[in-house]
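One structure is given below, represented as structure tokens, and several questions about it will come after.
Chain lettering (A, B, C and D) follows the sequence in which the chains are written, and residue indices restart at 1 in each chain.
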Amino acid sequence: MAVKSVIEAVREAIREEMERDSKVFVIGEDVGIRGGVFLATQGLAEEFGNNRVIDAPLAEASIMGIALGAAFRGMRPIPEVQFSDFVWPSVNQLIGEAARTCYGTNGAVPVPMVIRMPYGGGIRGGLFHSQNVETHFFHTPGLKVVAPCTPYDAKGLLKSAIRDNNPVVFLEHKKTYRLVRGEVPDEEYTLPIGKADVKRQGSNLTVVSYGLTLHYCLEAAEELAAEGVDVEVLDLRTLSPLDTATILESVKKTGRLAVVHEDNITGGVGAEVAALAAGQAFEYLDAPIARICGPDVPTMPFAQTLEDAYMPTSDKIAEGLRRLAAY
Amino acid sequence: MAVKSVIEAVREAIREEMERDSKVFVIGEDVGIRGGVFLATQGLAEEFGNNRVIDAPLAEASIMGIALGAAFRGMRPIPEVQFSDFVWPSVNQLIGEAARTCYGTNGAVPVPMVIRMPYGGGIRGGLFHSQNVETHFFHTPGLKVVAPCTPYDAKGLLKSAIRDNNPVVFLEHKKTYRLVRGEVPDEEYTLPIGKADVKRQGSNLTVVSYGLTLHYCLEAAEELAAEGVDVEVLDLRTLSPLDTATILESVKKTGRLAVVHEDNITGGVGAEVAALAAGQAFEYLDAPIARICGPDVPTMPFAQTLEDAYMPTSDKIAEGLRRLAAY
Amino acid sequence: MPRKPTTRTRANSSNGANSQAKLPKGLKASDLVDYYTRLVQARSLDERIWMLNRLGKVPIAASSQGHEAAQLGSLLAAEKDGDCFLFPYYRDLALKVAAGLSPVQVMMSFMGKAGDPYSHGRQFPLQGADLPHKIIQISNVVAAGLTQSVGYALACRMAGDETVVLVYFGDGATSQGETHEAMNFASIHKLPVIFICENNRYAISTPQSAQMVVEEVASRAASYGFPGFTVDGMDLIQCYEATREAITHARAQGPVLLEMMVKRFMSHTTDDDDRRYRPEGEVERARERDPVITFARTLIEEGMLTQKMVDEIAAETLRSTDEATDVADVSSPPDASNLHDSVYSP
Amino acid sequence: MPRKPTTRTRANSSNGANSQAKLPKGLKASDLVDYYTRLVQARSLDERIWMLNRLGKVPIAASSQGHEAAQLGSLLAAEKDGDCFLFPYYRDLALKVAAGLSPVQVMMSFMGKAGDPYSHGRQFPLQGADLPHKIIQISNVVAAGLTQSVGYALACRMAGDETVVLVYFGDGATSQGETHEAMNFASIHKLPVIFICENNRYAISTPQSAQMVVEEVASRAASYGFPGFTVDGMDLIQCYEATREAITHARAQGPVLLEMMVKRFMSHTTDDDDRRYRPEGEVERARERDPVITFARTLIEEGMLTQKMVDEIAAETLRSTDEATDVADVSSPPDASNLHDSVYSP
């Protein structure tokens, strides 16, 4: 096992799958000679040629529509959206078309495609380079949504996503790209889409999160451990389909639930997790469900002070958990 | 007071506001001589001229972007999206730009615009003419979202939306257009955005809904009344900003909450309402929170059998409420 | 590929008879008779469907009446070529019927029955996919199919196929940004795509003059450095020939834009009433060049058909339509349990 | 308005000196000296900002070096006209600076301080609105400003204004569908919009050849029946003159597309490293026509400036830049409580 960064894990997954299956190809802005603005596809154009690593014109709707059309013909495209903030021009193809293709053809036309998007804030990206877009895809039946937070998960899940016969929105938190490092097996492996992962066992309360904030939850959990509160940290990893069984099991065990995410609180993924518990684990709940999430302002502003004020940090999370434990 | 249909109320509201304020104008596909495909703007081109009722080319992104740009200059545009299903090509302008304009200019550029959209199913519209799109806008800070279900509410809220200095997504359920009729005052009135309405008082349980299903909830409530269960029916009317005070008050009173909507259950508005109650009225809850919502399939199929199977009908709602009351 | 394409308008035969004196290249007389029969069958179904809507048995329909020569002429070229894939749009009823569906299948689709070959009753009629006949149309969202068709062509090239893709759309669709994006990408990669614009000069009620300043959609091909032609879309043989040439060009050199000038005989859909916005007499005048009539006339003039045969075809297709209506009417709708199937692919 | 527009390429002075022997129409010598000063100030700030990025004080910047002649030439025309409104894009640093901001304001914006005049530190530098100088740029989402600018022009007409709108974008933005939609709508309504494409032949790493097949973006104006011109974007006076003419045309007859051929001297942004994808020597060659140098040369040749004055301007602007840097550096960031303000307008 070698220690790798998230971006390295992503790159390896793409490379290995392109090698394994000639139907896999990459399309996006600056993915070729530039290797993508985050270098996720660095070296791939050299290795696989410009026919399999296609530098598209600056037009997201066409990138998505062309990838989708190629999937109809049995290819396995990996369109890259340069920043998730720029996905909007393309969502008619994604939410309107790709998500409903299998259903709208009664299963005749599967859509094996992975839409990769760097997302999230904390990198001084301001209003248009920090966006959390997961909820829109989470709320779209027909899409799968994956949001890993470690190199190990990123690689295993991306490989599974590429082999999946459905449109998978694959969300890579930009701040984790180089910041988060971890062991990645040398040998081939995949991880199942739709399975949450207990990143920390605990008995007093359950925190559900994903992406960058998962790491902050782990830090907060350590803080609380020092105070004698044993926190279970559950990493959703896949948002859709949601692993309801694992969530409910943990909540039933601890009786206390907090949901943490960077995305705006109202109507976010956390609302669904809370609703799930309030509907199906009601008898087990010993306290109100807490949500420690991004406030309802349009994502993270540019100034450091404002970005910090937006972000659910480990301190803010610890404070929320403390209150929940004390209820 | 005269009895009117929802579509008549909508038309009257637009007409009156256009008369009152020369800055108000309509832009959309076929809104002029055709009067819109649902005739919401019938007669307006004749009355106000083609400069204030603009037949746009078939290009939703430009309709939204042009309306937005006009709002920058102080106009009060009312862009119409012919069916909500066709909003996707335009959401970069709506979610990306309009919603963040005020915030991104620190308040210097307000966006007085109302985006009207016929939405929802039950009219044999199939996968691409039945869409519930509210959640995507509900989850976008900077937008307001209004979804009335009676002619009275539609008129009063639409007039307020037109006078509001923010982008308001105004959702008109297609099936209510001609089906739902009700009294509308002859004199001028407006209704406040952000206020839910208790459409039926009750003491045993609270049902929260909006749009077409609100009517089905009222029917179900009558059924349950006959069985001795006194149901309070709360019409959100405005989804964003959500009237959390009214919801919590009702839940605290009844101790039992069901949320009903046509939109897909996972991550829908109902999840937020449930999470709200589970977070802020936890001690008052006597039963698990129930959600009676559209299933997680891409909206309503075309065939009658499939459409019926999708729809939360009054029977399905009554059954859910019965179970909740019996808990 | 010419870098400075010119827009060529093919001869417009104003009397409605086809200008071809001999058999078009690559065709036998039997092909034309066959296509005439398909045309009449499509028209018969189309008329019946409209009637069934008024009877409450068909919730919605978009008619292809007046567009059939464009649809069938291009289809004939695709069929003769033998390696084409089609991305039609919602008005391509005649195309989809003529591509090989049985009248019963067509009626099943319009009535939302389980036998609907496109979507098993999930979608609007004849929308979804008919893979046996090499057709995909995921939605009726205007212009959404264009980039998809370009992606399909890209994939064919990657897979080593020689397939040419034909994608259909109306004049209204040219306003959508994605139309620009699709043509631009196809031109950069010289992909074998034929963009077929069935220009009836209306997007529902919106006349061409409110949609664009240019006279000919085909002229926009210049923005992408590929050829664009405007042809008489009421003339099946002209449409066949133009498409056949375009297929050859597309396979060798990349995209072509074919604008086929057609007339919409009916309201936009069964939900529309075009008397609100259409000048009186316009449809009547347009019907003088009804392809069902003019094509028959040509075939009779050329000695490929007799009036008697024409009458027999009319009778036979009507019988099929009747029968199909009856069969579909009593057939089963999809089972409610199907609602939950195929949201995801295994 | 000409229905068949032609693309006219204005004379390209290959030696970098401006070809104008006399004062351009409508200008005084002092205007040119003034604009030269603004140009030098903008360049000085631009260079400093890049340096401050390397020092960790500016998180991100897009440089306008190499684009300044296009930006300032068109700005000068707008200013002389007196009734223009601007929708710039993220690369229009020089334009925004020259439009009237103080160097301190500029530095505040780049450092994300409360004194940022565009967004109070919420957005990327110089993004948001500068209404006192008639500028709006809501986002840096490529091409999003185009339809907005068209809507703004529509509103001006509704309000009875004579305002002409100038909207700026790069070659990359021409691939976006919205660019097509914006131009199409503007042409139908003959709106007073000037589409200014600053063509540096790159969208980040993607060369023009991978973005489009046509040589000149300006040729696409033909698709919308309005005039399109390609001008030398390294020549401030030529850009002034072309824009001045375009303003007159736009006000009377509707849209114009001006393609200004420029060179991007720097990497795409401070986050980019163009050595990955740019041929060696390209930037060096491009810098031979650096507008800061060529414009000074012209003004000296024309006797409007002396070398001494040029040196003084350089020293003075540098002093302003130094001072601005220091002032901004110690100024306050926005208060954290501001996070929640202005999500909605009252």
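Brief remarks follow.
Operating definition for what follows: contacts are C-beta pairs under 8 Å (C-beta built on N, C-alpha and C of every residue); 3 or more make two chains touch, one makes a residue touch a chain.
Owing to the predicted nature of the structure, the values given are computational and were not obtained by experimental measurement.
Farthest chain from subunit A (centres taken as the mean of C-alpha atoms): C.
For this pair, subunit B with subunit D, the centres built from the Cα atoms lie 42 Å apart. Separating the centre of subunit A from that of subunit D, both taken as means of CA atoms, is a distance of 37 Å.
Spacing of subunit A relative to subunit B, judged by their CA centroids, is 30 angstrom. Along subunit D, residues 119, 122-123, 127, 139, 141, 175-178, 181, 184, 188, 210-212, 338, 343 each make contact with two or more other chains.
Residue positions 57, 59, 61-62, 85, 88-89, 92, 96, 100, 103-104, 127-128, 141-142, 296-298 of subunit A each touch two or more of the other chains. Taken chain by chain, the contacts link every pair, so each chain touches all the others.
Those residues of subunit B that touch subunit C in the complex are listed here as 29-30, 32-35, 37, 55, 57-59, 61-62, 85-86, 88-89, 124, 126-129, 295-298, 301-306, 308-310.
Contact residues on subunit D toward subunit A in their complex (touch as defined above): 59-60, 112-114, 116, 119, 121-125, 127, 139-143, 172-173, 175-178, 203-206, 210-212, 271-272, 276-277, 333-340, 343.
Interface residues of subunit B facing subunit D in the complex, by the touch rule stated above, are 25, 51-52, 56-57, 59, 61-62, 64-75, 77, 89, 92-93, 96-97, 100-112, 141-142, 144, 165-166. Listed in rising order, the residues of subunit C touching subunit D in the complex are 3, 175-181, 184, 187-188, 210-214, 219-220, 222-226. Here subunit B touches subunit A in the complex through residues 61, 85, 88-89, 91-92, 95-96, 99-100, 103-104, 127-128, 135-136, 138-142, 240, 242, 264, 266-272, 274-275, 277-280, 282-283, 285, 287-291, 296-298, going by the rule given at the top.
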